[in-house]
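Input: structures, listed below.
Heads up, the next two complexes both have chain A, just with different partners, chain B and then chain C.
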Partner chain A sequence: MKNNRLFKAIMIGGVLAGAMAFTSVQAAAADLKIGVLVADVSGEEAQGFRAYYENYIADNYDVEFVYTDALEDAAGEKAAIEKFVSQGCQAIISLSSSDRATQLDTCEEYGVYYAIASGVLDDELFEAYKGYEYFAGQVGPSNATEFEAGVKMGEFFKEQGVTSVAMYGAFIPNPMHVFRAAGVIAGLGDTYGGTNDMGGMIGQIFADQKVDPAKVEGDVELCAYLQGYGDTTTDEINAVVAKEPEAFLSVGMATTFFTQILNEAGIPFADIDSFTEANGAAIKEGQLVYLAGKYSSSIGPVFALIKNAVDGNVIRDEEGNAPSFSQGYLVATDGASFDEYYVADNGDTPIYDKETLDTIIGEDVTYDDVKALVEAN
Partner chain B sequence: MSIRRKVIGTLAIPVIVGVILEAICLAHGQNVITNMKSFNNFVVYTAIVMITTMALSINLNSGRFDFSLGSMAALSAVIGAKISYALLGGGSGSAYLMLAITIASGALLGLASGCVYVILRIPPIITSLGVTLIYEGVLYTITGGKYVMTEVQNVSMSGFVGTWIHAAVLILLIVVFVIFLFDHTRFGYNYNALRSGQKVAVNTGIREVPNAVGCYVVCGALMGIVGFLNAARNTNINGGQLNFGSIAIMFTAFLPMFIGSYIGRFSNDKLGYLLAAVCMSLLNSTFAVFSNSITASVQSIINAVLLVVFLIYLNNEDLLTRLFVTRGKQAGA
Partner chain C sequence: MEAGSEKTKQLLITLLPVLALAVLFILFCTFVKAKGYRLDIYLKTIFNQGVVLAVVATGAIFIYTLGSFDISLGAATLFAATVGVLTYNATENFPLMILAIFGTAVACSLFSSILASAFHIPAFVTTVAMLSVLSAVSAQIITTKGGALGGIGIPKTLVKPLDNPPFKITLLAIFFLVCFFVFQLTKIGRRQKFIGGNPVCARLTGIPYNKYAIIAFTMAGIGVGLGAFLTLVYTPSVTTTTASGIGMNIFVAIVFGGMPISGGARSRIHAALIGGFSYILLNNILELALEGSSAYGITQIVSAVFFLAVVCVTSMNYRTDLLPR
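The block that comes next holds the complex of A and B.
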């Protein structure tokens, strides 16, 4: 009996030791460990980005990605960075923008490289932080690009002859959404608080913390407006549907939250999101008539900046500061134009595939190399 | 109480609320119900509020404060959505299958919650907090903290809440079922006896434990229906409701519960909950009319103020009655 117990104990101990050894081998497998800060875990764009990193980049490079849950505030972002550091992450990629200044300060404090993959710092903030040692750079649509994306959406519907629209402000006062919303109003030919100047409009929207329909004036009426997502959102979107607008213009996330409702209501809608399968279905079979989007592998260059930095080649611009590259949006207005981008950037054949990324990963890569590639795509 | 007084007492609040809200809307050139879509929303929202109120009141009237209602609704909805999608892929009949599975899983979750209460024998307010955290954790584990969308975004689901008929049938069936169960069965007699005087009821031979567990099962099943209706109406289920994020659903039912109990004095408290839900739905439809100017936070404040005002009235009802009677007599003299 005693021998039997001893045998069992040895067996259990052996299995545990084996499991621990296996785990340590697994943990040691990745040469580079990157923590990714995420605010949105459900959105089409966020899931496309994640799939690219986890299913393509992680398969083709010696890297492990660790993700946060949905971050809601600056404190959560700071705590997540500290947790990543304790888990041995050498770098942080940010897809969360509650407080990027604190993110940068925290990464600088702990000595981990940091890059922004969604949106960019505003000019003032970038000036303040571009010299940080561990700031590896930012790649994404600039604020002017965000505004322009909104303008084009507004102009599209203005040309269609709409006279009454509803609008979803997503997560205003998120700067990205503020710039897009201001652009939409300008594109519709309307003014906000008496101006259609970008600076004047965004200043007022930041101050209002929302788009106030009463301040929108012009030929196209803003008959309903909502923003955010919470307990009352369904009531608010139902109120929008009841007002029967000719179009529903969103500056982000509408395809995630409202596709079904808008399809059922027969209200044509537009969004700024990404080229994913679900959005393809919405534009081919539903009421999505305008999509300005990024493709999922557009975050490839950010990975390259981080990998170079960790490997010792910290890319810097001509003045020795962190690089900032602007990306534009692609626009689809029907199934064919959607497929043009979606098919080109899909699964095992992303636009930023390994062969392409390898041209900007390495000890000899320069700022100009990365700039040329980003601008070419 | 005369039939005339019963009818007036029962219908007074919903009629007054309806007239006031319609007058406010008319003053701005609108109506509370603007078209068929808003009527559909009105009936569906009435069903959600009424069922939540009934589920809340069943245990609360017996002194059992149950925080886990929201987590039961969300978790049972996710279970129903996942299973029905796995079986039918969002095709024809998905909504009915999900409703059936959601009711069954809600009842099971209610059973588990009830068993925790009767086995641990610690105050229900504490056990329900623990159960809430567990259910929210399971929900988060199943969904990864994401919104469940694909499983509930299909024609069958949207068709279910795209018309007022399904919600109206559910309202009718549930009112009949709850009145029958709690007013015309042995289970209901025992429930009412325990509610009125627990010690006396137990001493007369009524078994408290099975009755309490039965109440939790009924609450769970009702919250399953709420979870289903919310999923169909919102076209998603929030899978990231950690740290008591699911509790909010319960608070939407407090005001209608107090109003319903008040109306119940003149007729039946279950009918009162239905009429109170109609009042809340009228208010919700009015908020929709003024959605550009009344934000979500303002709506919350208005709801909270109404709850406080009504509670102040209930707590000072005798005082007010005496005040009016005295003044009436003085005026008469």
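The block that comes next holds the complex of A and C.
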């Protein structure tokens, strides 16, 4: 009797699943199908990027974007690329960086174009892969740009005259966050382990796997430090608040995690994130006083590189290699400067709108055309 | 008549996981075909995803049979792969790298076991501690050596010739047959089931728990070593998140394979193999079914509900007339 019920349940489940298979067939295929590798699915920046591709680019070009769930490791990235290839994607855009070398090798093996839209390869890796046939290029802040973004944040608060700050290292040892954190320390005029040289600081932070407040020396005291996000984060941030720092400097994700608690504590804070509605509210009504960010449509040129490549115009630099364009961060320090970028890059009127992107999409577009546009924005 | 009915029931229960795997496989192929995707690439990917879980979980069956468990197997896989990469980069000797991977994996596993035996600490506690220690040490090595690259690796040309299904199937088959032999055809498996089913009775019968625990952890270590090696064959680099999901996935694989987590007489060596691939197939079916949905995490939620359903259904069959533990 019990077994009969079990088998009936299995039969019904099988029929239902079969029906799902046939009803979930895609309605109409777009001319271009792009797979997007995603590691961070919840951050303001990630959501802004996705909205731009799905709500603007997909509406204005005959393109379909397929997204992964949050990728955790290199094997997940490789499997995702293989599935995208199986699904008929002609290109991959990467917002995930567990192992970019394997991503490039996999795309080369399957003959699908590949571009990097978040972070860039370090110099050594780029040298090794820039000649790959299916590497369409990379557009994003270089490691030096990340360091510089941190420096500017530190300098901003030093000029404000702060003498004691707390820092959030986000997901150190993520290289992007390491470079930013080193930059913040340098910008405050402090040293880390006795040096303010980028290379020297970076090496030590990688070795420490965190910023050790005891190694920070200079006029501005680092009175508290935390990183990551987990079970103890609430206690850690409360401990930071209890130390009453004059400012809370974050190298990423603070607006996602800590806006409410910092607003309630009345501690001015800074972050490197993106120009989104939530961050607008934080800077206009809350304690966010410094935001270095990318705007959501900053990933427009990467789409242009991919579309050109799939259409037969693979953009190459003067030496015939994949292009690498560095994008800087925009900085807002109040509601007005925030709106300057946010309103200009919103919904139906992004900074990289169709009219702008069309100037770098086409069979006659060159490396210089793309470079000029990226550097102008 | 009643005996025949009971026999049929037991046969059905035994075959149920295999049937479920077959149903999932047919469903998966149906989904892929219905969507017009390339089945050959998809199957290769599924196999690559499943094979690491299957070998690590097959080794872990020996531990679970004892009624114990090891949550640190994912971290041990990461650590073994990390040591393997370091060894190759220091010596450029491929056989030595393989030796280092297996040596590290077995050593980690044995260390957990010896800690538990010598200090009479529950395996649960020692393996949780090992999970933290191995993850932290691996992360320290990877981030220190990898720097801005975020990971460490070996040359892809070294393992590329091995990254093909026939090689991996051969490794999987050899390991499975060895485990099958030890588990089914020697007294080791029988005694481990006895210990898992009723440890007090086993001890009173004179079966030394420590000896069989060490054997179990050694087999699990070999599985971890093989898993670490296959991980490097698929992606010749190691990051701090490599193999991070394996520890928990082993639980799910074993349950999907029709084996009780409590171990004992109903333990099955094939449970991990069948359950591992069933789990990977289920996840991919859900991905395909929910494709286009912008909500993240739906797959995991549906998968968790399915897992609970399987536990409920299978637990009905664990009610037996055997002596209480």
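Operating definition for what follows: the second predicted complex is superposed on the first by the 349 of 377 C-alpha atoms of A that agree within 3 Å, B and C clash if a C-alpha of one lies under 4 Å from a C-alpha of the other, contacts with A are read in each partner's own complex, and residues count from 1 in each chain.
One rule holds for everything that comes next: a residue touches a chain if its C-beta (ideal position, glycine included) is under 8 Å from a C-beta of that chain, and two chains touch if they have at least 3 such contacts.
For clarity, every value in this text was computed on a predicted model and none was experimentally measured.
Once the two structures are overlaid, the count of chain A residues touched is higher for C than for its counterpart among chain B and chain C.
In the superposition on chain A, A:125 makes contact with chain C only, while chain B stays out of contact range. Of the two partner chains, neither chain B nor chain C is touched by A:281. Once the two complexes are overlaid on the shared chain, A:143 sits against chain C while remaining clear of chain B. Contact with neither chain B nor chain C is seen for A:58 once the two complexes are overlaid on the shared chain. Look at A:225: by the touch rule set out above, it reaches chain B but stays clear of chain C. When both complexes are overlaid on chain A, the residue A:242 reaches chain B alone and has no touch with chain C. By the touch criterion defined above, A:83 reaches chain C but does not reach chain B.
In the superposition on chain A, contact is made by A:69 with both chain B and chain C. Look at A:32: by the touch rule set out above, it reaches neither chain B nor chain C. When the two complexes are laid over each other on chain A, chain A has residues 41-42, 69-70 in contact with both chain B and chain C. Of all residues in chain B, those touching chain A in their complex are 34-35, 37-38, 41, 45, 144-147, 149-150, 153, 157-158, 162, 233-236, 240, 248, 284, 287-289, 291-293, 295-296, 299-300. Residues 9, 12, 16, 19-20, 23, 27, 30-32, 34-39, 41-42, 44-45, 48-49, 52, 139-140, 143-144, 147-151, 153, 156, 231, 234-245, 285, 287-289, 291-292, 294, 296-297, 299-300, 313, 316 of chain C touch chain A in their complex. Looking at the complex, you find that chain A touches chain C at residues 2-3, 6, 9-10, 14, 17-18, 20-22, 24-26, 41-42, 50, 54, 66-67, 69-70, 72-75, 77-79, 82-83, 85-88, 97-99, 101-102, 105, 110, 122, 124-125, 143, 173-175, 178-179, 202-203, 206-207, 209. Residues of chain A touching chain B in their complex: 41-42, 69-70, 210, 213-214, 224-226, 228, 230-236, 238-244, 256-261, 264-265, 278.
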